[in-house]
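Consider the two complexes below, in which subunit A is the common component and subunit B and subunit C are the respective partners.
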Partner chain A sequence: MRPISRRSFLKATAATATAAAILPKALQMDFKVFAQEAQNNEVEKIPSLCNGCSSYCGVWAYVKNGRLWKIEGNKTHMKSQGHLCARAHGIAQNVYNPGRVTQPMKRVGDSNNFEPITWEQAFQEIGSKMKDIVEEHGGDKVVWACHGGKESYASQFLDIIGSPNYITHYATCFTAKTNIWSNMVGGMYNPDFDNAKMMLFVGRNYAGGIIPAAMKRITEAKEKGAKIVVVDPRFCELATIADEWLPIRPGTDLAFYLGIAHTLISEDLYDKDFVENYVYGFEEFWAHNKDFSAEKAAEICDIPAEKIREIARELAENAPQAFLDPGYHGLAAHYQNSNETAALNIIINSLLGNFWKEGGLFPAASTSFGKLESGYYGPVAQKGNRADGAGIAGEYPLVEPSRGIPQRIPDMIEKGRARVIFFYSYNPLRSAPEPEYQKKIKNADLVVSIPLDWNETTYHTAHYVLPECHYLERSEYPKVINGNIYWPAAQVAARFKALEASNSTMALLDIMKGLTTAYGIENLYPYTIEEEMEAALGPIGLTPEQLKEEGCIELRPSVLPKDEGLSFGTFTEKIEFSIGAWRKEGYLGVPTWVPPLVEPKEKNEFRLIHGKQPWHSHIMTTNNPYLMAITKEKNGTFMWMNSARAEELGIEDGDWVTVTSEITSKKVQVHVTEGLYPECVWLPSTYGTFSEKLEEGFEQGVNYNDFIPARIDKKTGHVMGQECIVTITKGGK
Partner chain B sequence: MANTLPFKNQSNQSYQEHQQEKYLPEILLIYAQAFSFPQKDFYEEINSGKLDREFKELWENANLPQLDSSEPWMERVPPYEEWIRIYNEAFLGAKKPLAPPIESLYKPWTVDESFQVPFKHQKGYLMGDSAQHILHITKTLGWEIPVEYQMMPDHLSILLEILARFLANGWWSEGKQFIQDHLDWLPDWCKELEELPVETEVYRKLAQDLEYLLAIIAKH
Partner chain C sequence: MANYVMFIDPDRCTGCNACRIACQMQWGLPPELNFNSLIHQETGKYPNVKRVIIPVQCQHCKDAPCEKVCPTSATYTTEDGIVLIDGKKCIGCKYCMVACPYNARVINEQGVPEKCRFCVELVAVGEEPACVSTCMNEVRVFGDLDDPNSPLHELLEKREVVRLRADHGTDPRIYYAKSKRV
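Moving on, here comes the complex of A and B:
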């Protein structure tokens, strides 16, 4: 071959570098013949865990010639039980979306332009810049912000440089719930659908924020005769299979709960044995709430007193095979009174005595994995204070530092408390309040994003973009499958690399190896993912090969009904109706009525609330063409409005309206319905993509985060995302 | 086109082939570079006029008929920052929609009916059958796809270098088959480019010239 003097893209591999100009016999130049012959190859089946939401449903990826042939649910996996939702199918196909970030990028100039660079250049430049910043300002100026919930390898690095700033997204999600359950019970408990006779779901929509197996089990329980009551301002998807739907005034679940608790106690319907043996602070709670009758509750929540009492009595009648679902994100965790609401949720379930009882609530079954040691033996810096103030006296002492406060990162930067920000699979510009405020993140000295696609945070703030490979292209540290719904045995599953991956994107472990080595920390992760898997599974008697063969392995049942000898993970080992940490900070220990932060008053004022749709859950699903096709078919971006209120304002179904809050004004189309409490409007939480690089989702609908300021709840740090008043006027488009 | 004949001088075929095997790959590699992310040194080569001189010399040495629109590269290519912006908006996706020069995106994803993914017959997805074929060709010939193109082995820059290597080795028949199978989507790509909100004239003109060149090679 003649020498080629210009830039060459292809390299000769070592084996063929000296090959003569003779075509190998194995070469099939005819594309049609090649494509035809490729059809004869076998399909193989590799297990993985879906990345469409945080349920991590078990999937089988069927692969042919290194490409995705189909996916299906894993029957053993407790969250999927063989079923996958639309998001799972959509997210799997993103692997071939040309809108992915296809290699490392570096921001060029002041506008949102990027230059492709090599991994080596990216690591060296980031490592060197970070080193300079840490040496000058300290390691505690480095922030790692991520979704949370899986191994991120960041804490090993942060520990060495002296940063305590591991921040998760949870304050924009469910921290009001988990913080309170941790304080009062010692951890989360989950409902046993299979054996319940009565299930009360308040602001929890398992058919919207889907866990496929949960909906299957709820439906089967109903077929067996269980009663389902859904309390929700919106006629949500779960309400469609309920025996009763009670449209409650949004923000007043606490009043409804206080009315239930009052009925249970005042009518002597509660489980006295359970309270006597396993509850601390009952008297204190009753002393502060004995005047909060069902009548008082009804005045606030707009559910008749007799209905509140009827539900309380029915719960008591069926107890302990009856529960109030612990709730999840928006409607359960985003009001000024969500902390107290979560506390009352625990109190009602305690009064029903359903903890550790069939048809009641159970903790998650769990197990422990083995862990390989770091190979780094150099100096370790002393940790500084958290940049977000979580857990710090005088700032946010009650907020769990393990979760943090992600919505105020721009403040941390402005005050010089954060200078280097890593975003791992996390997009606060869209998933946290007030995007224009969040854009100030770009003022940090160094912003590095590790995404799959060109999300808003990456596009508007990142100096460097280090693309992680798609979940089907990587193996990962195993996961214990548990939580959210009761299952007596822990399960173990993992992602195994199913598709042939390119080296232009990387798995996180390899990214962290590159970054830390370039920073100057050698051997922090002296293992491969395969070695890590083996070490993780060894102590529980499993091998990666077994796990790859079965996809999901169930361990022995370890959480089964108990009648006595219960112990809870609190100081008193009882369920604490009075929270010690609250008392220590000068608050009343027991929950009492707290009104919502804001109230609509004028004719054209509404409370803006939000929730999930069955085919979208998170911002990351809105760039999928198949899921967006469902959105189009169902007018999924429309904002729901009560028909009577719409008539007052002269608004008809499909009309454009202008929605204005204290911080912004946006235009959206309206779905007029009787299935919504009149005082509010409802938005699906997914839309409003404003990254021009996410072409499917770009400018589709609006997002509730556009309308709310980035606030911090003083007790648990949540964003109070449902505390928003908007004025609505017809027209604007 | 100024001349539909493939080459100027049909009488001296052996010398002709020799010249073309020597110079056509060089020309194709210039195009390959032009369709990749604009590198500063490449831009400076253009801006200084060096590339135009070299390109003219290569074109003449290869005995190729003059291009109708032989606009100099110097005048064709926008200022560097502008070129970066156009590349970002047209190919990296800074504005929607995007139209990167990747063969898979302009052809149905697979002809294998057994696949159960719903997009199997659709265009617009990476790693289609064409990419699989490119992987087969490069693997068989021991040519390694660079890291940054592994998610798009059928990127135009890679395709042009493969073609250049075929010609440089004298594998004309394979080169022509390759053009027929893997470089037939350029008109579809140009159509997409026309519909982009960003001005992509620089790439459309390059693609037109390239099509002309490929037609000459295909008729050889």
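Moving on, here comes the complex of A and C:
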């Protein structure tokens, strides 16, 4: 065949209108003209929601020539208020991350080799394997494990096959908080930064686990004169701007809280009206804790008694415009006493009488969406018992079944309770304790991962990989934007498709349609995402077009300060200092002092604690080149150690050390600092990637989950992630 | 014509690095190239610790040493006071990099010593620079000193301000609030 030169090819195609119509635009014109046109092309602004953490900040994606240029914060959105953190920018650029899975894959043989397959083959093979397993062993052997908190379309499917096993990551993160608040108050309450005169943050670092609008409001309140006290073993990022940093012995925040509560009650500083009207179990609490003075607290938590009393008095002076932040990851899943610590948080705020008060705590404003019916009218199996024992008598009766216990999936498999495991955008091999143990997940009959990238769970355990598209490549069911920080009105926002997928990935709704149809369930989701959006928004009088125009729409204010007639979502409609569910299980109903599970004793022993680094979102961002460039510049993988302890061990900044726990030994470099309580070492929660396909993060630093065994707290099922003693020796590399 | 300046309050900065990456996105920079850095200063002995984080970028000096030393006039100042470099005129001698007291320049992929541009394209249409708009703590305030309604007037009056390496006499357009923590 005679070769065609590019020039003559262009000439020929330009002359043929029909051919031009099917050719890419770039080939229809001279390169210079094309480049000029590309330059002049309009920038489109499309609204979406960041996928970097549970805040789902509102973003505007700027798209030019089909490529993402940048994102900016949505000014209306209550979590971003126009501002974005570093990871939001990074996560957006992950659409071009080389670590993404770009098409369905199937594991080949025993090593970590995968072969590309078509979506159709993937659906058919998974569907028929799952059908065989469910028919032989029952639908309750199917587990759906995910981050939680977003529409996953899984419950419709699980309901039909009879599986109760929807498991979220909460037990590795904050489950003590949500469980206890639900029991004692009937739901979460959130701080009103704008009107507070004193804010006490204990184990809660809004400048590390960032909600941009929270930081904006905290900074503004400080400028107006509000006092900020940060209690944290580490001089965290929030401590940078605080009026006071009080380093505390990790694992003893409960003692500090008991000392505060004791001062408030014994010095008669608490809000008696509020307690009288809205608290159940005050006397029982006081009867069991009246000997826990500030002095006793000081001995345990290493904050002087006089300082504890001073903080309590200042809180009382400013109450109800004063709060103890309800906290997040830091204290709510990591100590043997995390449950009691969460309970005392509620008790202190109640003693300040700040519920529903300006500068105090408020519930989240909310709204509800319309839902489209399923088109499936076939048989529905009865649900069996939960594979993880959550909510089951004799196992973990107090763990909320809606959240579950994600850290012991290999046990469920070994006991034959789980045979088919789905992971949706969830990576317990890196985000849950003891990776070597978690690797046994591979032994299940069928493991299917629906990830964005080649995360550890996908790479080491999945038999099939069904890649989801990037958040900017899909439209999604709308979200109610609320919670974590006080805002009087609920907001509605959604993701709109900003970019065409450049690979063979799919949105979850389409993946679920394919899977369930192949399984033999027809019409389970008989709608498109556009139809679903319209149905969701209809009842609140909105349209997808309006939402696409605004990005985020605020509804009418529905949660405003109230002085009387308060009612809480508990049995007594009061805040219950004594937890009925605990009494039913034979525990004391009120919280009392519980020591941490372990303590460091020897000269080279430390408690290993961890936290979020401001430019990384735990392990979500470890493979992002922009965010890892910051890590490199800031020595971000280093483990923090107090300077006096480092000197004792002859360790200098940048030295390699060997860190050994009861389950592993790893090497890491040390950052020597004045900003850390001496008895502990601190690791950022980001690093230690061990999936070879995530090249940017691979083997950078270590992760706290490497060092802790996969345990389960008996009350709320959390991981007790900071009940870990490590011995540290200099050298090793 | 405008008289652009920036006010930076280091006491508000908590080091999230959003400014760095928002700038990288705005200008299409690769991961390892950035126009603004955060300088951490930690002082004191446990438990009396203080931290100040100082955002540093091109100071857009009125008497810019980089402009003076440039042999081809590639570096120039716009009539609004923004110091820019014309890549087409640059011969890559790096004299400007050496002359800058703030270490503000980096070599870009074309070999040009680039730096913060005060987001000239954004401010021309009345928007804020990317590092300003992304910042949750509102560390930076950008504006036109010739605009009587600019919040800058109040800030510059209310706060004691300093300029980086004032001893060099470069007359920067970035004013820093004097930290109350040092």
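Keep this in mind: the second predicted complex is superposed on the first by the 695 of 733 C-alpha atoms of A that agree within 3 Å, B and C clash if a C-alpha of one lies under 4 Å from a C-alpha of the other, contacts with A are read in each partner's own complex, and residues count from 1 in each chain.
Operating definition for what follows: a residue touches a chain if its C-beta (ideal position, glycine included) is under 8 Å from a C-beta of that chain, and two chains touch if they have at least 3 such contacts.
Owing to the predicted nature of the structure, the values given are computational and were not obtained by experimental measurement.
Undergrad: Between subunit B and subunit C, whom does A:Ser643 touch in the aligned arrangement: first, second, both, or neither?
TA: A:Ser643 contacts subunit C only, not subunit B.
Undergrad: For A:Lys131, is the partner it touches subunit B (first), subunit C (second), both, or none of the two (neither)?
TA: A:Lys131: touches no partner chain.
Undergrad: Quick check on the superposed pair: does A:Gln103 touch subunit B, subunit C, both, or neither? Answer first, second, both or neither.
TA: first
Undergrad: Per the contact definition in the header, classify A:Glu674: touching subunit B only (first), subunit C only (second), both, or neither.
TA: A:Glu674 sits against subunit C, while subunit B stays out of touch.
Undergrad: What is the contact status of A:Leu238 with respect to subunit B (first) and subunit C (second): first, second, both, or neither?
TA: The answer is second: A:Leu238 touches subunit C but not subunit B.
Undergrad: Name the chain, either subunit B or subunit C, that contacts more residues of subunit A.
TA: In the superposed model, B touches more residues of subunit A.
Undergrad: Going by the contact rule set out at the top, does A:Ala38 touch subunit B (first), subunit C (second), both, or neither?
TA: first
Undergrad: Based on the superposed arrangement, let me know which partner A:Tyr626 touches: subunit B (first), subunit C (second), both, or neither?
TA: A:Tyr626 contacts both subunit B and subunit C.
Undergrad: Which partner does A:Gln93 reach: the first (subunit B), the second (subunit C), both, or neither?
TA: Both partners.
Undergrad: Contacts for A:Lys440 in the overlay, against subunit B (first) and subunit C (second): which applies, first, second, both or neither?
TA: neither
Undergrad: For subunit A, which residues belong to both interfaces, subunit B and subunit C?
TA: Of subunit A, residues 69-70, 89, 93, 625-626 contact subunit B in one complex and subunit C in the other.
Undergrad: Any idea which subunit B residues touch subunit A in the complex?
TA: It is residues 21-22, 25-26, 29-30, 32-33, 36-37, 39, 42, 81, 84-85, 88, 92-98, 100, 102, 105, 109-119, 124-127, 129-130, 132-133, 136-138, 140-152, 157-158, 161-162, 164-165, 168-171, 174, 177-178, 181-182 of subunit B that touch subunit A.
Undergrad: Please output the residues of subunit A touching subunit B within their complex, sorted ascending.
TA: For subunit A paired with subunit B, touching residues are 1-2, 4-13, 15-17, 19, 21, 23-24, 26-32, 34-36, 38-39, 43, 62, 64-70, 89, 93, 96-100, 102-103, 105, 108-109, 111-116, 118-119, 454, 502-505, 625-626, 692-693, 695, 698.
Undergrad: Could you please specify the touching residues of subunit A with respect to subunit C in the complex?
TA: 69-73, 82-86, 88-90, 92-93, 207, 210, 212-213, 215-216, 219, 235, 237-241, 245-247, 614-615, 625-630, 633-634, 642-644, 673-676, 678
Undergrad: Residue numbers of subunit C touching subunit A in their complex, please.
TA: 11-18, 20-22, 24-26, 28, 31-32, 34, 37, 40, 42, 44-47, 49, 51-53, 130, 133-138
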